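First chain written, first letter: the chains are A, B, C, D, E and F, and each begins at residue 1.
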Amino acid sequence: MIYLTRRERFNAAHRLFIEEWDDTKNFEVFGKCSNPNWHGHNYELFVTVKGNLNPKTGFVVNLKVLSKIIREHIISKVDHKNLNLDVPFMQGKITSTENVAIAFWEVLAPFINELNCELHCIKVAETENNYIEYYGK
Amino acid sequence: MIYLTRRERFNAAHRLFIEEWDDTKNFEVFGKCSNPNWHGHNYELFVTVKGNLNPKTGFVVNLKVLSKIIREHIISKVDHKNLNLDVPFMQGKITSTENVAIAFWEVLAPFINELNCELHCIKVAETENNYIEYYGK
Amino acid sequence: MIYLTRRERFNAAHRLFIEEWDDTKNFEVFGKCSNPNWHGHNYELFVTVKGNLNPKTGFVVNLKVLSKIIREHIISKVDHKNLNLDVPFMQGKITSTENVAIAFWEVLAPFINELNCELHCIKVAETENNYIEYYGK
Amino acid sequence: MIYLTRRERFNAAHRLFIEEWDDTKNFEVFGKCSNPNWHGHNYELFVTVKGNLNPKTGFVVNLKVLSKIIREHIISKVDHKNLNLDVPFMQGKITSTENVAIAFWEVLAPFINELNCELHCIKVAETENNYIEYYGK
Amino acid sequence: MIYLTRRERFNAAHRLFIEEWDDTKNFEVFGKCSNPNWHGHNYELFVTVKGNLNPKTGFVVNLKVLSKIIREHIISKVDHKNLNLDVPFMQGKITSTENVAIAFWEVLAPFINELNCELHCIKVAETENNYIEYYGK
Amino acid sequence: MIYLTRRERFNAAHRLFIEEWDDTKNFEVFGKCSNPNWHGHNYELFVTVKGNLNPKTGFVVNLKVLSKIIREHIISKVDHKNLNLDVPFMQGKITSTENVAIAFWEVLAPFINELNCELHCIKVAETENNYIEYYGK
């Protein structure tokens, strides 16, 4: 079993808030992340897959294929977007890094499982000081 | 003459667009940076000052003092904000990294010139691949 | 189950040595890390907690709360200190990165367990080339 | 159980290709990595070992000893070399990062097992966007 | 006057040697960089241009245009190549980082001067410990 | 004229204080950097030299030679040392990063001027947020 990780990056705006709460309550829980006019990040996404070595190619998975899947199904949907307003798979969800990571898992897992390997971990870093890891359960 | 640099960081949303242009024209010039619902970045700000050594303290400037000025006059105004909507000194300007760096210079220079040293350079990095440097003229 | 990591940093002096050994023996085992006049590092601390998502907030844990606990119980005790002389929870211990990581675990675990999540890993990096990970057992 | 990681670096040339395939077929599978005149990387190698704390020294393993093993048995064989042509333990293998990591494991495991600890993970990063982790099975 | 920098990366093989010298003499001067079977690097290229602000767009230069020029005239020629064998503008030159930086300047300057700005600096980093800067004279 | 930079690293303890001041006064000016039991850093040193290209070798200066000079005259004196107590060329000086950079310049300049190139800049980074640059006047 070998683990391969691909990093991709995207720049997005977002806001943490609960619609039924007023601004004061949202600020109490989410702090300045609840700013009504949005803020944003240079997100880093690390996709780790695991599988057996293909003895012919020496690959778990062809990186070009993996990168194409991530760009097509994730990066093109979130890069230079507003995570709350522009991203179909985040609709109705709080755009915490936790929820972003879980949503990315749900989008990517079916495509990666067709590649003769398995999605192992989604890691999303919001800043150089904070990141989330999700293993699918 | 000694040069001292302090890095501070902030996370902000923004959008590049010219109001009198329609979305197609804006997209032609600014690409995905013109997304109407905003996007955002983890900006890095490097403030470089120059001056003579204070022979008593061995300092050009006390870093705590410099950092306090940057946080009070820049970071508190832009961190977790929308550069187009929330920042008084960016009003009416295109929020290109170029204009952000020039505006930061104009805000900081008077405060730094009171410190017995001189503002030398404002560097603003938008992503790991792009940055602007401005020397005040 | 979601894993969230928070990075904090501190700058400290320390020395590796065993009191009952003379300088030659200490140098043999600990090399230049046994310098009697101390040396120091920019340490990086990564605290990883795991837990279930709070469906209301989309958080495993509120980062502001986690960061406050780490700063209050660790960073304020070790930053700009001497790990051998100034830090109560390192008294009588060799200040190897291994022991530092274990001590941080013991300090933090009770506070984190009150947060509806669990401490998963303490990672301490001494330089860009060396780090320790401890999972509590 | 404590986990300790040591990073070492090396600069090497390599090429991905299957001898029985022609250039077109190799390019189809391996892309520009199949360039017949080679290309190269600044590889990063992270060796993670696990073991119990030596209560006397506070060490899982003496970093100087671990580093010496890695330099003697890996770095001196691959640094400023061609992974396809110059490295005995890569002979007859495709020099994918996967195969490099597995080969490093096989070389290092016996030496590390003599140190009163166990090899836990070999991580090899080819670029800032791609890395492989191997846990020995 | 504003300075804008764009980073691009490429992975290449090379070798430092003087043809009329034998291997021993080459090794004496160039050390392991003279390995006859090549070695390689993840190079980082930083292109800095300077110019006046376009008051309409807030840009010194459109980053998309600058990036396209660098990719078309440099990256596509050197990425996943052998700098000694595959790169027309390095023919007959020692592939030291110094010569690489000068050659990049000569290739890029004419294209950048058509952009209403000026090439200011070419910086090429070979490893995290070494880099060259060239200002065109 | 070409500029070449070499990075070297060292880990050292230090303390900022003026002997004739009491602890309260020292704390007022130097903050927690005045801790009587020392603290420390992973310092990064960037030595930039400038000169003409040697047309035979394609070098401004042989990196191995430059690195040897820096290690012999700086790193071996400061690595795993106390900058206040162990370093002859810092005796009687406040160990601010400013003074450290100036002292390094004075030590290195004569050796580098013998190399057919000139010392251009000494940059010393104390943390990821602070650094000093000195150009010799």
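The definition used in the following text is that a residue touches a chain if its C-beta (ideal position, glycine included) is under 8 Å from a C-beta of that chain, and two chains touch if they have at least 3 such contacts.
The shown structure was predicted, so the numbers you read here are calculated from the model rather than taken from an experiment.
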{"item": "Chain whose Cα centroid lies at the greatest distance from that of subunit F", "value": "A"}
{"item": "Identity of the chain that, by mean CA position, is farthest from subunit D", "value": "B"}
{"item": "Fraction-based call for subunit D against subunit C, same above half, different below", "value": "different"}
{"item": "Euclidean distance of C-alpha centroids - subunit A vs subunit B, Å", "value": "28"}
{"item": "Geometric centre distance via CA averages, subunit E-subunit A, whole Å", "value": "34"}
{"item": "Residues within subunit C bordering two or more other chains", "value": "31, 128"}
{"item": "Interchain contacts, given as pairs of chains that touch", "value": "A-B, A-C, A-D, B-E, B-F, C-D, C-F, D-E, E-F"}
{"item": "Residue numbers on subunit A that touch subunit B, as the complex places them", "value": "9, 11-14, 32-33, 35, 37-42, 79-82, 85-86, 127-128"}
{"item": "Residues of subunit C that touch subunit D when the two form their complex", "value": "16, 18, 29-31, 93-99, 101-102, 128-135, 137"}
{"item": "Contact set on subunit C toward subunit A in their complex", "value": "1-8, 48, 53, 56-60, 62-64"}
